[in-house]
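These notes are about the structure you will find just below.
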Amino acid sequence: MQFFFEVLIGGLLSGVMYSLVALGFVLIFKASGVFNFAQGAMVFFAALSLVGFMEHGAPLWLAFILAFVVMTLFGIATEKFVLRKMVNQPPIALFMATIGLSFFIDGFAPLLWGNEVRALDIGLVDEPIPWILDNWNMVISKFDLFAAGLALALVALLALFFQYTRIGRALRAVADDHQAALSIGIPLQHIWALVWAVAGFVALVAGMLWGSRNGVQFALTFTALKALPVLILGGFTSVPGAIVGGLIIGASEKLAEIYIPPVMAGWFGGNFGGIEGWFPYVMALLFLLVRPEGLFGEKHIDRV
Amino acid sequence: MFYRETGQFKTSYAADQQIFPIRQDRIGIVLLLAFAFLALPLFASNYWFNAILIPFLIFALAALGLNILTGYAGQLSLGSAAFMAVGAYAAYNFQVRVDGMPVLLSFILAGMTAAGVGILFGLPSLRIKGFYLAVATLAAQFFIVWCLTKFPYLSNNSSSGVISVPNVEILGFKFDTPQSRYLLVLTIVSVLALLAKNMVRSTTGRAWMAVRDMDVAAEVIGIRLMRTKLLAFAVSSFYCGVAGALYAFCYLGSVEPDGFSLDLSFKILFMIIVGGVGSILGSFLGAAFILLLPIFLDIALPALSELLGLPFGSATVSHIQLMIFGALIMFFLIVEPHGLARLWQIGKEKLRLWPFPH
Amino acid sequence: MARQIGEVILDLKNISLRFGGVKALTDISFNVREHEIRAIIGPNGAGKSSMLNVINGVYHPQEGEIIFRGEHRKDMNTHEAAAAGFARTFQNIALFKGMSVLDNLMTGRNLKMKSNFLQHALWWGPAKREELEHRRKVEEVVDFLEIEHIRKTPVGRLPYGLQKRVELGRALAAEPSILLLDEPMAGMNVEEKQDMCRFILDVNDQLGTTIVLIEHDMGVVMDISDRVVVLDYGKKIGDGEPDEVKNNPEVIAAYLGTQH
């Protein structure tokens, strides 16, 4: 039972990281209706920039700010050169464009910062918390706990930002109805650029955390693939959905990885590890068959 | 001047409904086929067969499959490579496990197996649409590749799922030269392309496009959404499955599950974006473009680096390739969302008026 | 040929439709006779389109009964409705934008085609024969609506008025026994409206098709319809011949507003 809880908590903590990447998707989707497949590549790009600036001697805080500037510039460029030119195209075309964008970044980022895998030290170690180990005999990583805390803080911050600032209100207005927002004088293109910058910020935090844990490398771009099932589960437009979805996916994926392969091996013989790659997708899919609008999505009625 | 339909009057609906209603087009396609079937086998080198012509035809077939689903029926799929994998492994198993199984029959059965799997993964499309569905097709991508790696039965107990296919032999004739394999692939792809064209210009294709353009209206005029979507998944997966079988049997000879990765799925998606979504011709143009581009860049980039006096490493070349790929996709989506096929069409329209456009 | 208005073929009884807590239709009953032109009018949001959607099965009412040619149903599904001879047009044009006019019309005949996809793929026997037969039928519709010149144009490129006409054509191609038209003249200029009126009257007169239509242009409604039902806030407030309805105080109140 102890082991079960250990896995469960570990899963929940890594689920928070999934939520963080999913959050980047949700922000952009809500504000501009673009399903940004390049979010994972942005995580990679942000982490590489961070590590790159640090290698040039910048301390962490400065490197963080510089990397944020890079991501903002990137967001503005994306808005100006890609999205603005694709207004009036169907959403699916925009989605495919972001797949292209993701390829572009995958080539561009290492070209700019170099190709090799690098360690990123943000002053945190991945070791069990002694107090929990002593009292409950469970291994809960300090690093995971901190990362989860940071992610939650970020989510809370964004929620406040959207709820109470003028820009946040404008953003929600744009999300609700582009044309109406435009007609009351909200500068649509600025808002979009801003959203991409915020998504860049989220990517930067995610990249920093994932990067310092697993090394800054190309594999970071696959974080997008971790976040996608979270999105189908939680709904593309719901911030709480991204968080709860992330937790559910994180926990169930880790539990499944522990408990399912032995059962399968019992049936068929052989080694059935590595189900993490597809399990979240199949789970999200089965969930959708029961509830097509997702956890927090609204039921949609077609008007004809 | 030469490309005119003046004087070609259609006196029956049958004449008006031909695949190529304009006489010059009919002559063109006959010449093209004659070139592909008769001239190329005589002149092309083994390099051309193995590295360009055979993979081009196979990818064009896979792109055609994806185009049926995405371009015609409007259901975006990111899992085409997985259906190719199903085809490749199914064909292998039919060959290895059934004595005296004819190769062509095992290709067809492989396609049908892929179609079955396609229907299974197409079921969610009845309840979800758009991005949700696109993400759901990733489930197929990851799950299928995982299954092929983990169930030893599927690869006849070979380690980590690698299979080496037997040689292709039909009615005692051994397809052991690149030239003969090229002709086999060309024949299969030509026939399947013709069948696809027939489907998309008849009730089946119209139902697909109706569902794509406006599903509520399609339902109201009596089109059954479930049947139409699942048929699109089945036919599309059949094409991808046969492409996968050819990929293993006529191109690589030995394949592993990881070869059918998400990257390959994306590559096929890029082919239809660049070539033309919802166009049979586009599938071929896109496949040629996406296949030739890296070959071209492999030659051009080092030459360029020498010219500039900057030494590019091979990693740099591959990064630049990624950037160019990505940029091209965005470029096509922005400038010509209907791809090369539309450019070709526009070119023909211009030619009809040339040299007096006014 | 003088048309003869026949028996009741469609009878709607006590239809109620809710979306969550919102009542779109409350206890509505009315009937449609064979060969007549039946109009549904009412202010915006009165539930007119919902009514059409109930008739051909896009929406399923929580209460009520639909009797069509003597058959009792709680509701229909769209496929049954299409097979039973209902065809319709939509308020916001719902054509297949990527297809040509001909293909759109051919799609209207899909229920009459029996060949399967394998025959299509091989372009063999019944598939080829059907394609020609139905093309002939579709060309009759093309002639009737005077859209010969745009046969092969993709629908998305046509101006609004023509799109409306093509949509009518797609419905006609199905050779329906009841035609449901949702604001067929909305957004048209006077000339286009006249054309559309002529088509509707001709369809009714020459083909004997029963027509249920929603329209805001009172002049048109009063001119062409045989009977009118008036909805307001999801309730029926009037039903009868145009003159009757015109003088109904409740109807006048709903349209002009009254002082209470």
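Just so it is clear, A, B and C label the chains in written order, and each chain counts residues from 1 on its own.
In this section, contacts are C-beta pairs under 8 Å (C-beta built on N, C-alpha and C of every residue); 3 or more make two chains touch, one makes a residue touch a chain.
Model, not experiment: these values are computed from the prediction.
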{"item": "Central chain (distance from its CA mean to the mean of all protein CA atoms)", "value": "B"}
{"item": "Centroid comparison with subunit A (C-alpha atoms), farthest chain", "value": "C"}
{"item": "Between A-B and B-C, the pair joined by more C-beta contacts", "value": "A-B"}
{"item": "Between subunit A and subunit C, centroid-to-centroid distance (C-alpha), Å", "value": "48"}
{"item": "For subunit B paired with subunit C, centre-to-centre distance based on mean C-alpha positions, whole Å", "value": "41"}
{"item": "Distance between the centres, which are taken as Cα means, of subunit B and subunit A, whole angstrom", "value": "32"}
{"item": "Multi-chain contact sites of subunit C, meaning residues that touch two or more partners", "value": "58, 90, 94"}
{"item": "Per-residue multi-chain contacts in subunit B, two or more chains", "value": "216-217, 220"}
{"item": "Subunit A residues counted as touching two or more neighbouring chains", "value": "302, 304"}
{"item": "Subunit B contact footprint on subunit A (complex, rising order)", "value": "35, 82, 85-86, 89, 91-93, 95-97, 99-108, 110-111, 115, 225, 228-229, 231-232, 236, 268, 270-272, 274-275, 277-278, 281-282, 284-285, 288-289, 292, 302, 304"}
{"item": "Subunit C residues touching subunit B - in the complex, by the definition given at the top", "value": "56, 58, 78-79, 81-83, 87-88, 90, 94-99, 103, 106-108, 110-111, 113, 115, 117, 120-123, 127-128, 130-132, 135-136, 139, 170-171, 174"}
{"item": "Complex contacts: residues of subunit B adjacent to subunit C", "value": "13-14, 17, 195-196, 198-199, 202-207, 209-210, 212-214, 216-224, 231, 235, 278"}
{"item": "Interface residues, subunit B side, partner subunit A - complex", "value": "76, 123-124, 127-128, 130-132, 134-136, 138-139, 142-143, 146, 150-152, 216-217, 220, 262, 266, 269-270, 273, 315-316, 318-330, 333-334, 337"}
